[in-house]
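Both complexes below contain chain A, partnered by chain B and then by chain C.
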Partner chain A sequence: MILQTALLIGLVIFSVLAIALKDLLKSAISLAVSSLLLGIIFFRMNAPYAGVFEISVVAGLITVLFILTIALTKSGDEVRESKLVNWVFPLVFVAFLVIDALVMKGLLGKVPALASGPEAGTFGEVLWRGRTLDLVGQIAVILAGVFAVLALFRKRDKHD
Partner chain B sequence: MTNTWYLYLFFAAALVFAGLLGLLGKRNLIKLFIAIGVIGKGISLLLLSTGFAKANILTAQALVITYIVIEVSLVATALALIINIYRHTRSLDIRDLAKLKG
Partner chain C sequence: MIILFVVLPLIVAGILPLVGKVSRRVLPDLLANATLLFLLVYAAVAGRALIAGGAVLQQSAWLGEAVNLRLALDGFSLLMLVAIALVGFAASLFSIDYMEHYGAKANYYALYLVMIAGMNGLVLATDLFSVYIFLEVAAVASYALVAFGLGHDELEAAFKYLMLSVAASAFIVAAIAVVFGMTGSLDFAAVASALQELNAGPVLVIASAFFLLGFGLKAALVPFHAWLPDAHPSAPAPISAVLSGLLIKVSGVYAMTRIFLNVFGLTPALSTVLMWLGAVSLVVAAFLALGQKDMKRMLAYSSISQVGYVVLGIGIGTPLGIAGGLFHLFNHALAKGLLFLTSGSVQQATGTRDLDEMGGLAKRMPITAATNLIGALSIAGVPPLNGFWSKLLIIVALVQAGHPVFAVIAVLASVLTLWYYLLMQRKAFFGKLNEKWASVKEAPFWMTAATVLLALLCVGIGILFTSTITTWIQPAADVLADGVHAMTGSWGF
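On to the complex of A and B.
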């Protein structure tokens, strides 16, 4: 429980750093570290498949994509951020944490959630039999992403 | 079990709020997508922790994997768009997008 809490605190700290840091490369690496911590949390919640996906795809692939984009857009660091945000951001965030700690306990009893019994079978059975349509949707989403990237990087025709 | 669930929901809400603050305050396009990534982390933590607390971890895992696939596709498309915007405007400032001059 203590280790899990420490991992969750690390996850929030690195996520906030990813948003707050000025250097884009450092913030992309902080995002990768927070994904790594989230993957470890998933492993500790008995969800190894989600943990593997989180670490390999989100901490690996998405970080590479972010770093590639940062390298291709060199003057990205020159965007002037508003100075007001720099000191308002931590204040509002700490205020939200206090409200969150006070209110969340009361909300837990009121939010309706399905009270079902423990599941039977393995993860494979649940994924392939129970969520078959999700898999079809995933294939469609991947194809849509591929076509979108191809369309955005196509070469110009001669008459353009 | 409720105590563990409370802990996870507390941190998931903190992540979502941090991402929303980033979306509201930042002007760099890449920073905005990093903020969207942070919101996504909060949502996947929420999904999996609810599955964990209600003894439905397998379905929750299937949903989280679906979300991760969607996120990869989203980020790839968005970063391709950002590179195209950078080629046009030579800047990553979101305010430059308001100038719709070709």
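On to the complex of A and C.
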């Protein structure tokens, strides 16, 4: 229980850091650490597949992509950010924590749930037999992402 | 083969960048338009035969083995499919000439077709998580399309749109998680019947609130509308037409009504919330539209206002109200698509969207001016155009259901709508021709053809409104009016 709480607190702290830090590199690394912690939490909650994907894809692959991108871009003009963000985000965050603490515990006890059996079948069966349409959707999302990158980083030759 | 609606645009999108290497313009134009024309004909001709015996569920096989590619087609999804194919085809015809100066046409069409596939997938999906995934497919493609011009405004608008859309997705996923936690299922029919067994009052309220926030943001209902007046005007005109005409309705209104009416069941409280949201959007956005000087921004506010009508109509929950709401959804898709396309013609000819700089353009661009007038009068609800009948249905339904105050609001907002559209007509197309525009010419052939197509539909549906309602709208309204029974009764395997 203590370990679980520590992991959850760490997850929140690193997620907040990922948003709040100004240095992109540090921000990307915080995000990687937070998803590593999330992966461990998944493992401890008996969801090994989710854990493996979280750690390999989000903590691993995406972090590498982020760091590569940061390394490839030049430090350009200073972007002025609104000062509003500095106090709005902590305010919203604290408000969320307070509401969460007040509401969630009482609420969770009241959630009615049907008795659901353990997930039917192996991971492969669930993915290929159960959620095939989602795979089509995933392919479409990847296509959209690739085309978006091609479109947004094309040479601006014709348009003003 | 219902799956074609999703897979065909995806396959064509996949090969378009390769085709673009061979032919930069002609082949991508041809391929994309042919695909959309095929989908339009397929939906309009084969669709009705498919659902003649009630809703169809199709499960596909892959190499002889049944895989879980489950899609369902009923009256409501068919209406949406036809609307998507119709406006999608018109906007892609328009793109042939309009997107010429943006470059990277193959890439543009690829993104465009992925967006269409996402919308089609969403209206055919049979479970909550698939709805979410296809919502994201359409959204990711639309972010890139909004930013397609790569100018400062476009990028800023796309970023703002992305941020608010991500917040919307987060709410939607949270709601799905709550529902899954309670019922142990994601399938519409299974969730609907499980919720009947559970006494899930307060938790269902939370799930509904999350869905309302998420889909409210996607549909840009007031007070969740901040992103739309930036995103829609900044996009290239055909994309504005699809975003305002289709995307906010598919990923906002369709998803919301499908889940609230067919899965959760419309409670009186939910009905009241929807009606208020609709009425507030209707009035607030109409006032905001009045003050706009930017032509496309005025149209964008008008979209928020008209989605308000749709939600108000569906929110009543009576069969007539639902039919009115859906009819208005369809009519608005056509008319707003038309208006955004004509605004694109004007912008391309004059290089400005500022209404104060325009004037007298009807003399130089008679077809654009005439089609724009038809679109404007249709949305304002002037008889005998299509928009009049749908607004009339909504107002009659409001009076019948005992909501005279809402009916008065709807009528007054309609007057406001006519007011700002007449302002637009006067400033842009009528009056003295601004000397700057003496050499302006009518829009190129395909752009004009697309607007004429939509304008003819607006007039035609207005005249043949009874047959449109009986063939397309009533089957859709029946599904929604059937409530939870529509899912549990006919969608089981």
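For the reader, a short list of remarks on this structure follows.
The rule is simple: the second predicted complex is superposed on the first by the 121 of 160 C-alpha atoms of A that agree within 3 Å, B and C clash if a C-alpha of one lies under 4 Å from a C-alpha of the other, contacts with A are read in each partner's own complex, and residues count from 1 in each chain.
The working rule: contacts are C-beta pairs under 8 Å (C-beta built on N, C-alpha and C of every residue); 3 or more make two chains touch, one makes a residue touch a chain.
Predicted model, so just to flag it, every value in this text is computed and none were measured.
In the superposition on chain A, contact is made by A:Ala144 with both chain B and chain C. Of the two partner chains, chain B and chain C are each touched by A:Leu152. In the superposition on chain A, the chain among chain B and chain C reaching more residues of chain A is B.
Judged by the touch definition given at the top, the superposed model places A:Ile19 against chain B, while chain C stays out of reach. Residue contacts after overlaying the shared chain place A:Val136 against chain C, while chain B stays out of touching range.
Common to the chain B and chain C interfaces on chain A are residues 107, 113-116, 130-131, 134, 137-138, 141, 144-145, 148, 152. Taken in their complex, chain A has these residues touching chain B: 1, 4-5, 8-9, 11-12, 15-16, 18-19, 24, 27-28, 31, 34-35, 38, 41-42, 45-47, 49-50, 53-54, 57-58, 61-62, 65-66, 68-70, 72-73, 75-76, 78-82, 85, 88-89, 92-93, 96-97, 100-101, 104-105, 107-108, 113-119, 121-123, 126-127, 130-131, 134, 137-138, 141-142, 144-145, 148-149, 152-153.
In the complex of the two chains, the chain A residues touching chain C come out as 107, 110-116, 128-134, 136-141, 143-145, 147-148, 150-152, 154-160. Listed in rising order, the residues of chain B touching chain A in the complex are 2, 4-11, 13-15, 17-19, 21-22, 25-31, 33-35, 37-38, 41, 44-45, 48-52, 54-66, 68-77, 79-84, 86, 90-93.
Those residues of chain C that touch chain A in the shared complex are 6-7, 10, 13-14, 17, 62, 67-71, 101-104, 107-108, 110-111, 114-115, 117-118, 121, 125, 129-130, 133-134, 136-137, 140-141, 143-145, 147-151, 178, 181-185, 194, 197-200, 202-203, 206.
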